[in-house]
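Letters A, B, C and D mark the chains in the order given here, with residues in each chain numbered from 1 onward.
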Amino acid sequence: MKKIINDPAAVVTEALYGMAQAHPELRVQHTDPAYIVRADAPIPDRVAIVSGGGSGHEPLHGGFVGPGMLTAACPGPVFTSPTPDQVQAAVAAAHGGAGVLLLVKNYTGDVLNFETAAELIEAEGIDVRTVVIDDDVAVRDSLFTAGRRGVAGTLLVEKIVGAAAEAGADLDTCERLARKVVDSVRSMGLALAPCTVPHSGEPSFVLAEDEIEIGIGIHGEPGRERTRIAPAQDLVRTLLTPVLEDLPFTAGDRVLLFTNSMGGTPLIELYLAHGSAVALLNERGFLVERSLVGPYVTSLEMQGISLTLLRLDDELAELWDAPVSTPALRWGR
Amino acid sequence: MKKIINDPAAVVTEALYGMAQAHPELRVQHTDPAYIVRADAPIPDRVAIVSGGGSGHEPLHGGFVGPGMLTAACPGPVFTSPTPDQVQAAVAAAHGGAGVLLLVKNYTGDVLNFETAAELIEAEGIDVRTVVIDDDVAVRDSLFTAGRRGVAGTLLVEKIVGAAAEAGADLDTCERLARKVVDSVRSMGLALAPCTVPHSGEPSFVLAEDEIEIGIGIHGEPGRERTRIAPAQDLVRTLLTPVLEDLPFTAGDRVLLFTNSMGGTPLIELYLAHGSAVALLNERGFLVERSLVGPYVTSLEMQGISLTLLRLDDELAELWDAPVSTPALRWGR
Amino acid sequence: MACDGSSMVAAWLGVAEVIRAHRDELVRLDREIGDGDHGENLRRGFDVVAERLAAMDAATPGAVLKSVATTLISTVGGAAGPLFGTALLRAAKALGDRATLDGTAVAEALAASSEGVIARGRAEIGDKTMVDALVPAAKAAESAAQRGDSASGVLAEAARAATRGAHDTVELVARKGRASYLGPRSAGHLDPGARSTELILTSLAASAGSLGEGS
Amino acid sequence: MACDGSSMVAAWLGVAEVIRAHRDELVRLDREIGDGDHGENLRRGFDVVAERLAAMDAATPGAVLKSVATTLISTVGGAAGPLFGTALLRAAKALGDRATLDGTAVAEALAASSEGVIARGRAEIGDKTMVDALVPAAKAAESAAQRGDSASGVLAEAARAATRGAHDTVELVARKGRASYLGPRSAGHLDPGARSTELILTSLAASAGSLGEGS
């Protein structure tokens, strides 16, 4: 394992220290219980939007803290959900009196830890709601499984709900919007090469020279199948087909297309894949009205991409376009 | 070679097509002669800032086209300088009547092609100036070599000069500022793992399990030496020491620290390295007044980082802080 | 020596050591069918458990369990943190403020633990989780207690059942937790949470045995 | 057949084929001490050269060279594009509007080419660049022309000298171009630009030879 780290057990703490240096517009608590909060929080009478999860997906979630998006985020150890203490501490720093919305990716660990946190927060008399995000179509949902995973679609939920909260929406509205985005967004990813978790030191999986994993999760969890590497346009079709079928999206739909890097795939390949996906969607009669391309929901240095599609209406498009000012996502104003 | 591409010879064209889809605020000519220009160009009586170079360093340069930064950029084939035709075409689209400043990274190919372009542009009666950027301290400058390479410092030149042009500075001022930044900025990088150029199909170099290359160039050119991987804080010291000695920077200097990923290094390691560099600079009495952390001047999927230090004064700090609105760098307004 | 608060402290210090010794194994097991952090999560948590227990004043067995539980909840994260935390909180509650434990108390604690884990995680037996070690352990404990076994005897039976239960997860297809994403590919691997449950119970049983019998 | 415009077209079509055949070799050489694009850069340029020449009307040798030059300048990029472009622009200028070439004309064209490359690239002999193939070629051409050799004879001498010069770059340490960053590590490798210069001149000489002598 070759990494730019010191002690594997101190990676998150030390990275948060660096993040604090780079972003004076945030308040970063880099030691336990670690959290990241807007410097101007708590904001009176504004709903606090709080998310979090294992580290290693940067810029998710901490890079999305700021005006127009998250009020606070809790980074757990690499690929491990944060503890209830962290969530409580983040909420204490973020809560402005108008309630808290917890945005949680659907993994057993995240759900359980946020569940415990929510109980404790509620016991303090704070109005707290939880919305679980599960946009990954690679895993079939069923009563007998842990359900679909939360992946890149999380960014869209955070952006859109964050915009609403910034504009003064109440907790009911924020919760409704989060559920609306969750209901309208689907993702699927693939990997060309694995990542290595610092405390493990071994690649999360092994692929042959010409092999790729279709339906990869953002922790290196396997997906639907292993296949041969193929031309970009075929890979894009392989990802988009189940995404389009799942919701289902229908021709004429207005959509936002988010082409995401798993971390190690260069921007030139991302743009190429994005162009290919737009062309395919145009062909099938979809209106690609918004685009996002970049390494936003990553798995350390894993090579691969995911494609996320969100069905837009005026309400969602407007909230998407609203100003946002975070380390990783910034526009408007 | 596993990449998300179709035909290796079409990578740049297809990626530019995708970029055009993602960024309606740019005009992207994706076929030959390829260039990227702000959609609102030419802007009357505003100096046009034009840069370019081989592709594979994304978001450099095309991702820095927009208000407050580049007017236009010319993407060559992967790691190959653009042709004079491309520069001419970009300038034709960008020139608003107040002259053109060409920002060129110091590589023989880039210098020669931009030189030829400048002659042709001048012959059209346009006032054109060229500033060559050579911030990489890994390679010793000498009359008997190709000189120091232009690397991550390029971003700082483009940002600062772009801000001046946006504010209406004349060509003399823009040229002076470019030279001032070039005189005040130094960089050095290292690589943990190589990249593979699509048309070559082979890694640009080979490192052993525990080996890293100190002083790597952004095309995988070798640097000073190969050493063993070491803790992050030692790596940071190895990069910063020659950077600090070269200018030289002196204690008490106000500086901007730019921690850059070569492409495949995840953000968590970047932030960790950034924190380590800030701590070292603080110890030595420098004032780190501005920070930038991210994958901005990359070498495809190469793993590694570079550290860039710019000596700040009020003029440079103010231009750095000025609003910028490009695909990859955005703030203010 | 009685199965009291201080022997409970000693027993959990022993567990912390066992977890440290098996950290890499648990990481490896979790890498095979999960995300490779189970050993590191528990190591992080039990290091703090050991620290806090070493500094702890004399307390009832229930209070010791409660302290271990809250420490695990606030340091482990992941799925295992809240699940082991719930297990121990429920056990603590079942024990109340008893000063020493007999076999029945141990069996009741284990029954409460396994019910707690099922209530929190909604896994059933056969889903290839820690439930597959914990439920058989609780059942074996109940039988042993009914036979009148001592605390250490009950724990020894529970540990044996947990070992068998953990081993039996190898052939199962996971239906809960991260391993469930693997579907049929999860078969052929030992579940890391079942393995750590086995390790914990075995260590507790060993401590109880060497410490001698309670009332 | 005379060494005229149409044989010049044929000769450069031959060069385009040779470059295509050696693309991978030139990529490999450039990967060893540069950035691995030399073969691909020239392939891209000469593909367009071949296209345009095939569509070209009858012209003087100088006009053909000028067309090849401007095509290379606008398609090759990198260091080689402007350098080969300059070389051929200068050669075209030296030939003026002569309809056919003799040995002296060829030698003059090569002298102008090598001066042009040196003026543009500021490399000297021994810097491990295409100059190390081109300068000896020009010198050998001059001697051959002074001995009264024909155009094809002069080209053959030039090609032989270029081959020797290219081969001699192996032991040199690069002081110009990308390979210079390698310092001493650049020794032991053939310079890709010297190799492509050798290939071009050898192909031109072969075409001239098989096409027969000019005036």
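Methods note: a residue touches a chain if its C-beta (ideal position, glycine included) is under 8 Å from a C-beta of that chain, and two chains touch if they have at least 3 such contacts.
Which protein is which chain? UniProt says A, B = Dihydroxyacetone kinase, DhaK subunit; C, D = Dihydroxyacetone kinase, phosphoprotein-dependent, L subunit.
The structure presented is a predicted model; accordingly, all values stated were derived computationally and were not measured.
Annotation of subunit A and subunit B: not jointly contacted by any chain, touch as defined at the top. Taking the CA centroid of subunit C as reference, the farthest chain centroid is that of D. If you average the Cα atoms of subunit B and of subunit D, the two centres end up 33 Å apart. Between subunit B and subunit C the centroid-to-centroid distance comes to 55 Å (mean Cα coordinates, whole Å).
The centroid of the Cα atoms in subunit C and the matching centroid in subunit D are 77 Å apart.
Within subunit A, residues 78 each touch two or more of the remaining chains.
Taken as a graph of touching chains, this assembly forms an open line, each chain in contact only with its neighbours along the path.
Here the touching chains pair up as A-B, A-C, B-D. Looking at the complex, you find that subunit B touches subunit D at residues 9, 33, 54, 76-85, 107-109, 112-113, 115-116, 139, 144-146, 149, 197, 199-200, 202, 204, 217, 219-223. Put simply, subunit D touches subunit B in their complex at residues 27, 31, 34-37, 40-41, 44, 73-83, 85, 120-121, 175-178, 180-182, 185. The touching residues of subunit A, when paired with subunit B in their complex, are 2-6, 11-12, 14-23, 55-56, 58-59, 63, 78, 192-193, 195, 209-210, 212, 229, 231-233, 235, 259, 263-276, 278, 288, 291-293, 295, 298, 300-301, 303, 305, 325, 330-331, 333.
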